[in-house]
Structures are given as structure tokens and as C-alpha cells.
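Worksheet: one structure, shown below.
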């Protein structure tokens, strides 16, 4: 069906979810009370802001990921033609990986891959 | 022999006889949409039941056996239950993002259906970059989780979402690299070409050890990407109560739940396509007589059989292993999976160039 | 060497996982190991051991006679006031007044099945029954009167 | 509740774990100060199910108060009852028949195994593996059946009375226990296959929740928690009661000081309990199961203390008597209370995911802590 | 060490101590003011080394309160019991939570149940009781709570 299938699928997803939620809304009876709207924190009122800065210590991973993901994008076209190009492809990729791996080792040595 | 492709061709030609091409297209699209929704619903029901039965048998229990014959209708009853539950929005939440997140999850799951070949010549979109499309769309999934976690106004949700971000982002790489191994071997990004390249044997048998390694890495990586145990840190119930969907209830929760199971199905379908030949029957080299016998089994049976085998594998993992810790999870990716898969791709390239595969 | 250690690490890890997977696969394929009690279905065959402490009952014989003298030993023995004994005065054939049991009130909702009342009873009038399905719709139904209406103390029990 | 806690810096988040949390196994509230995933401080808030058992016991007689103690550490209910009976007997100076002694010890060890089985399953579940929980219950169930047959109840047995036990052993008891031992020996290696040897599990456990021997003693940790740090504290060995001094068993000590050491102590302890049962099961002496005691027990004026080893550690009963038929003051020294106090020390600087591993290996039973 | 040796040793450390014998263990009566000093010596003295405080509690005698400390030595395995008489109107004693850290929780429990003020305790607030119970002393004999207490 080609690219139009994407539109079909998105529409299908939207219809499916909307219908499901609408039916649920019609069928259920909503009640309100002040406690119901509170954020769940094991039954104790939450302390401090909930939308807080959370130090998740993976920003370095995100950076390294970016590098590797770009590398992955480069690899896709290479992978398609690797078999036809032959030995040159292997040599190229070895050089490519070598540089990348050196960077990876450097990052590892610097402790960038340690969760802080 | 009646097959899915015959049916679709028949409907197509029948519609073309009656309507003009534009209307044919519209009607076909509607039929496709309804079919996909139906498949979605059925898969959700089947997979939930399957999960519960697998879990029960592993845990020396019987599992659901009350609703319907042998508990077959249990997940239907669950759906009805979820339908009559109130879908709350917490007071402090970002209302728009909170309510929109499940839609994104559903859309991603639905979009991933496009390149999958369910049977011979039965595919929604035979695109020439199917593998890339899969990688690209599946990484959108994390956005819905981040959205849900952030919008919930709950610390557990936020932490779950952040964990999920770190996790999916990391495992994206090794999943991509293990897929690349097959791309190198088959020389195409088109899923149909990849399937056809396995006509004389599936890649997992043809490709020796390197392909088996990339298959193992693929299974680990997609288990992590779909947030399934032992990598279910985003919803680790003993740490974060329910992680990113702590605040979700009723149908909105059900949509997340459904999307998770559909994602499991899709990644297993992709795995089956790449490593186990998709709808391609079990063929051995040039044993034509044997291959011919195998061809009698419909292609859709092959496809679903392989896919469900992989789904069972993932469920089996879930009910066997304890959960990893967040730093160990990233350690596994960056210290083990990534270097191994990088080295593996070199091996596969060498093998492809030398023609050592069968 | 680093590489060998690394490979060994990977393999020993995978092996330990495979051992676990083999065990769960064994149970997945061996349904004979399933130990689930089919509880509501096996009500007829389900037999609790004769010592099981389900609730306190009073023994009555075929003449609707029990052995309770109303001595309140059980009431005193009970740690949480589960038992309340209401006595009355009967007129014996000789014309004498005699203390006798009127109502043996038993609060099942307070009972912890500690068995102290049974031990304390000097005439073995009460015992533990092997029932366990105690749920009712109204809490007041859990307050029971153990002596049957019209029952009398058995002759000869002091 | 507390408003200001320690020094909080930018990025520190206060988060409540419990009372309605899957990992606390009860209603325990831990207020965590976390920075990212790293725990900076753990502050337990107790009392959600405090029933003031000590106060209750002041108005119960010496026969009655024993049943209440089953409701403290309900997983070692029998051992708690045992301690109370021992302290009353100490006050009355009653010598109980040897049959009763052996029965009590047998039941103690069965209770200990049942408790450790439940702990094993629950701890694996905390770490995200659900299956072990059900497998542990298979063995535990057969112990519960034995208990039901002899004591009349599955969890809060109230089988021990001052002077002996409430009734004699069930005629099938020996056979049932031997069947259980066979089952246990058949299945125990599966525990190692599914959990102990698992690489993920080992990584989650090793080096997590470090508690040095000095800290363990100073915090009053007992039982497997302290023995995982190499502190010898088994009351059965150090201050033997009943027939423990005639038995041949080892005190399990591990020197890892981490969660894995505590885990291994419990696993190995189960085997020691089996060893004790095997020694006793064929040689249960004949005779009375109860000593003759008065109907109303009155302890002489004075103070009595009895220490026993429950599945979680040292359980102490301290009775101050004024000569009446009820205790004047009674104090239960529960192992969980002291073990919990070490959690803050253990958890600082570790990850949020480690907290459940630590709490799992501390084997907290909340009614035991709250009393 | 035997009880007699312990007695001699402790008399040496703190001459004005009263002993009670006949119980399970050697009982030592100390004045609250002397307790802190004795505690440090009991913990640190090379021949005593009472490093394990296995029970800490309080008894309400209506006229006075008695703090009871049960001590054990993991090295020598000898036990003693220390008792300190406190004034019922304003009970106060020095904390030992820095000597035996288990005393931290136990002293907080005694504080909320008996109202004993532990001087220099780092974190003396309610542990078990909920907010609003400050000042009430539920374990005292004269405590009455018509709502939460059920008399049989």
C-alpha cells in the first residue's frame, strides 16, 4: 500500500484509543474527593516539589549514545553494500571502528561509563 | 491453496471491478485499518493470556481457568474490567501530556506494524528501508514513556521515566548493530529481500556462530527496549511501585499495557524475520523434496509460529530472572553488549566477504 | 589476560542464566508438579485435620443436652473476652435453686482460636470445630449463641 | 513527622517508600533522601500497626499472654511462644518433661525453616523474580500442613503452654516430617539453580549493604543479619535452652558482611535445621507432654529474662513480676527492631535498587518491629 | 568473668554502686548521674568489653521510673544488668546511643512511651507514635485513653 499505510495506521491507532477511552468514560461513574487527586507516594502526602530536578547521572551516556547512534546511521548504508564492495569495506570499517573504539576506551577510562 | 496474498489480491481485483481506483484505495485503506485494529485487539488478548499461562506453569500453578473454557476468555474479562475502571487524571498532572502519552504509545506500536510481512506477499508497506524504519520508529517509544512519567507529577513516575530513557537509549545501539549483521549478510534493508535471501536456509543456521551471537544480543536488547523483565526498571514494582504508569488507571493504563505487548510481538516478528526467515518455510540448502514438503505448511503459520516462539522466549526470561540494577543494566550494555556486537559485526563482514556462510 | 577473563566472565554468566532457564522450562513442561488446591471445587473432598481450630462449638447429644454447667471457666480463660456466659437459676426437682446456663454467647469476630477455653473447660462441653468459611455479610452474624434453644444440661454433669 | 532532615543540597529529593509499597512487606514507612538514584539517608517511621502488646500483656495472665506473642513475629510465632513459656517456667521453677522439650525444639526448627522459605521467596520477589516465591511456598506448605495436623493452626499455633505443650504429637507426625525432609532434599538444589547461582542475583547482592562486624554488634543486630558479618550470636549455641546443648549442629557464620553473606547464612541455616530435625525425629522420648502446673499461675516477685533464637535473631522476654497472676511489666526485645536500626548505616551511598535487596536480607517482619 | 569478679571490677570503677544478686544476672544499681561515665568504662575496659546492649527498657513503679540496661559481651560472654532510678516527675538520664548505637532506637521508644528525657540524644523524637502524641506517655501505669484502650 505504500506510504499511505502510515496515515492509515496512525488513524487506526487514534480511533482505537479514542473509542476505548470514550467507551470507558461513558461506562464509568466518576467520583471525586480530595485524596484521589493526590500523587501516589505509598499513602503518605508527598514532600517538596514533585517536578524537581532529578540527578539521574546518565547525561554522559546520552552524549556517548549520540556519538554511537550517528555511527550506527553511517553503518546502515555501508552494511547494504559491504558484500559487494568486498575487502575494502572491511578495511574501512576496521579503521572506522578502531577510531570509535579508541574513543570508547578513552571514555571508559575517564569514567564516563560509570553511573554517578 | 488459499493464502493471505490470494485473499488480498481477490479483494483488490473485486473492488477494482466495482469502484474507480480512488474509491478502491479508500475502501482498501479502511479495510486495512479495521484489520489492523482487529489484529491489535486479538494480539493483546492472546498475549496477555499467554503470559499468564506461561507464568502459571513455570510457577507450578494452573493460571486462569475460570472464565470460558480453560480460562480462554480471561483476558476478555480483564478488558471489560479495565473498561469500567475510572481513568483518573491526578490533580497536579500536566493534563494534556498525561492524556496524550498513551496515544503516542499506541501510535508507535501501530506504526511498527507497517513493514512486517505476515505471510507471503502480505505486507502493509513493502518499503526498501524496512530495517531502518523499524529502528527509527521504535525509538519514539521512549518519548511516550518520558511524557507519561514527567506529566504524572509523581516522583516514582519521574524516576521510572528517567530510567527508561537511559535504558532504551543505550540498548538501541546493540539492537541496531545486531540487526546490521543480517543486513551485511543479505545486502539489503528491505525486509522482503532479507526473507527471500533465506530461501535456502535461515540466517541463524547459515550464519554460523557470529549470527547466533547477534541473535542473542538482539533478544537481550529488544527485551530491554520493550521494558520487559529482567530489564523492567522503568516500572520496577518493588522499587518504584509501578514506575512511569503509577498514576495511570483504567483504559489509559490498558493502552500502555496493550502497547507493551504489541511491541513485544513486533520485536519478535522482526527477530523472526531477520534471523528465522519470517514466513519462509524451513528449507535446507538444495534438498528440493524436503523443501517442497515444507512449503505445504502455509507461510502465515510459519511466521506466527516463529514469532510466538520468540515471544515465549521473552516471557520465559521474565519469569526466571531477577531484575538488574540500573547501573548494572548500563554496564551490561556498555561493557559487554556493545563491544561484543561491534566485534561481531567485523566477524560477520569477514564471513560475508569470504562467503563462508552456506 | 584481560580478554580471556572477559570471555570467561561472559560465558559463566550465560551458563548461570541457562541453568535457571532449564529449571523453569522443566516446570513449564511438567504439569504434574502443579500443586494448586482447587479450593471451591474440592469442598467435598477437602478434609481438615481433626485438630484444626476453626471455631468454638458446644457439643449436644441426641437428646439436645449439653455438658455446660455455666461455671465460666472458659470465660475467665479467654484472653479477649470472646465468651460471655449468661446464667439463670433453674429449679431442681427437689425444689432447690441451681445455677445453670442460659446463654453461651460466643463472639467469633474476637476469637483468636487460642484453644485456652477448651483446655479450661472442666466438663468438656465445648470443642473446636473444623470449619473455616466464616465470612458473613453482617458483623452481628458472627456473634453466636452456642447452646441450642431448649437444650439442657446432661444429667450427672457437675 | 519530621520537617527538616540533615543537610539537603540542591537535587536532593525526599521520597517515601511505604507504607503501601510492595517491597516493605507490611506497613513500614521509610523516608528516603535521594540524590538521583543514590540514597543519602534512610529514616524509618514505625508504628503503623503498633498494638502496644507490652501494655496489653500487663492485663493478661501468664497463661493468656502467650498467644499475643504469636502476633508479633508471625513467621516465628512458635519460637516467640516458646520464649514466653520458658520465662514463665523459669519463674515457676518447673522442670518440663523431656518429651515436651524435644517437641518444642522440633517445632522451633520447622518454624525456622518455614520462615526462611518465605523469606527466600519474598526476597527473590523483591529483586524482581516472581517464580521462586511460588516454589518456596510448595515446601513451606508441607510444613504448614504438619503444623496444622499437630497444633491445629497453620501460622499462629499457640501450641506451647507453660509446663509443656498443649497436646501430644499427632500420630502421623514423624512420617510427615520425614516426608518433608525427603521433599526438601529433593528440591533444595533448585534454590541454588534459580537464585543463588544466577549472575544477575549475585551482582545484585554482592557488595551491597555492607555492615561491618563492629557495627553489627553496636547496632544490636542478631540472627542471620549479624552472622552474615561474622558475629557469633546464635543463642542456641551461646546460651542453650531446652535440648540444644545436646544437639550436633553448626552455627553458620559468613564473613562477607554484605547482602549475599546474609543470604547464604539463611540458606545454610535451613540445612542445619534439617540436621537438628533428623537427629531428634527418631528419638522423641516417651512420657508426658506437660508438667503438672497449677490452674492459676503466679510468678514470684522478681525479674525474669529469657533469650531465644528466632528465625530473625535474638528474641528476649523480660518479665517484672510483683507476685500477682499478671506481669507487672513485660518487655519484648524483638530482633527486627534492632536490625532495622542498622538499615540507615547500610543503605547510605547505595542505589535505590539496593534498598530492596538490603531490606530483603534483613528479613523485616513489621509486626515484630512495631509490636 | 564470674559475677564476683565482675562485682570487684565494677566496684573498682565506681565505688558507690549497689549490687543485687540472686537473679539471673548480676544487677547493678547506679545513680543516673554516674551512668554515663560507667557506661563508657563498661564498653571500653579491656577486661569487661560490654559491647552488646541487648535490651534497654524502662519500668514504671508509680513512685519512680527505673531504666534497665541489659549488657552482654560478645568477647567474654558475661552479662550484667544496670538499673538507674529516675524521678517520676522529670525523668532524665544521659544517652548511651553513641556508645551502643542500638540504644538510638530503643531510647526513642522509651522516650515516647515513658517520657524519659535522654540528655544529648542526637535525634530524640517520636519513632512509633504518630504526630500529636508528644507529651503523652502511653506505657505509664496511670495512662488513660478512653478511645484507643479497651478494658476487658
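Chains: A, B, C, D and E, in written order; residue numbering restarts at 1 for each.
Everything below uses one rule, namely that a residue touches a chain if its C-beta (ideal position, glycine included) is under 8 Å from a C-beta of that chain, and two chains touch if they have at least 3 such contacts.
Note that the coordinates shown come from a computational prediction; the quantities given were computed from them, not determined experimentally.
With steps allowed only between chains in touch, the distance from chain A over to chain B comes to 1. Shared contact partners of chain A and chain C, listed by label, are B, D.
Note on connectivity: the fewest chain-to-chain touch steps from chain A to chain E number 2.
A separation of 24 Å divides the Cα centre of chain C from that of chain D.
Note on chain placement: the centre of chain C and the centre of chain E lie 42 Å apart, centres being C-alpha means.
Spacing of chain B relative to chain D, judged by their CA centroids, is 45 angstrom.
Among the residues of chain D, those in touch with two or more other chains are 13, 15, 21, 37, 131, 138, 194-195, 198, 200, 351.
Annotation for chain B: residues touching 2 or more other chains are 58-61, 155-156, 159, 241, 319-321, 326-327.
Counting partner chains per residue, chain A shows two or more touched chains at residues 41-42, 46, 52, 54, 56, 115.
On the chain A side of its complex with chain B, the touching residues are 1-6, 8-17, 20-21, 23-25, 27-31, 36-42, 46, 50-52, 54, 56, 58, 61-62, 64-65, 68-69, 72, 75-76, 79-84, 86-87, 89-90, 93-94, 97, 100-101, 104, 108, 113-115. Here chain B touches chain A in the complex through residues 25, 28-29, 32-34, 36-37, 40-41, 82-88, 90-92, 102-103, 106-107, 109-111, 113-114, 124-125, 127, 131-132, 135, 150, 152-156, 158-159, 162-163, 165-166, 169-170, 172-173, 176-177, 180, 183-185, 187-189, 241, 246-247, 250-252, 254-255, 326-327, 330-331, 334-335, 338-339, 342, 345-346, 349-350, 352-353, going by the rule given at the top.
Chain B contributes residues 54, 57-62, 316-317, 319-321, 336, 340 to its touches with chain C in the complex. If you check the complex, the residues on chain D that touch chain C are 60, 63-65, 67-68, 131, 138, 141, 148-153, 156, 158, 161, 166-167, 170, 190, 193-195, 197-200, 202. Contacts from chain D toward chain E in the complex involve residues 1-2, 44-47, 50, 52, 54-55, 59, 90, 215, 217-222, 231-233, 238, 302-305, 307, 314, 316, 318, 320, 328-329, 331, 333, 337-338, 340-341, 345, 370.
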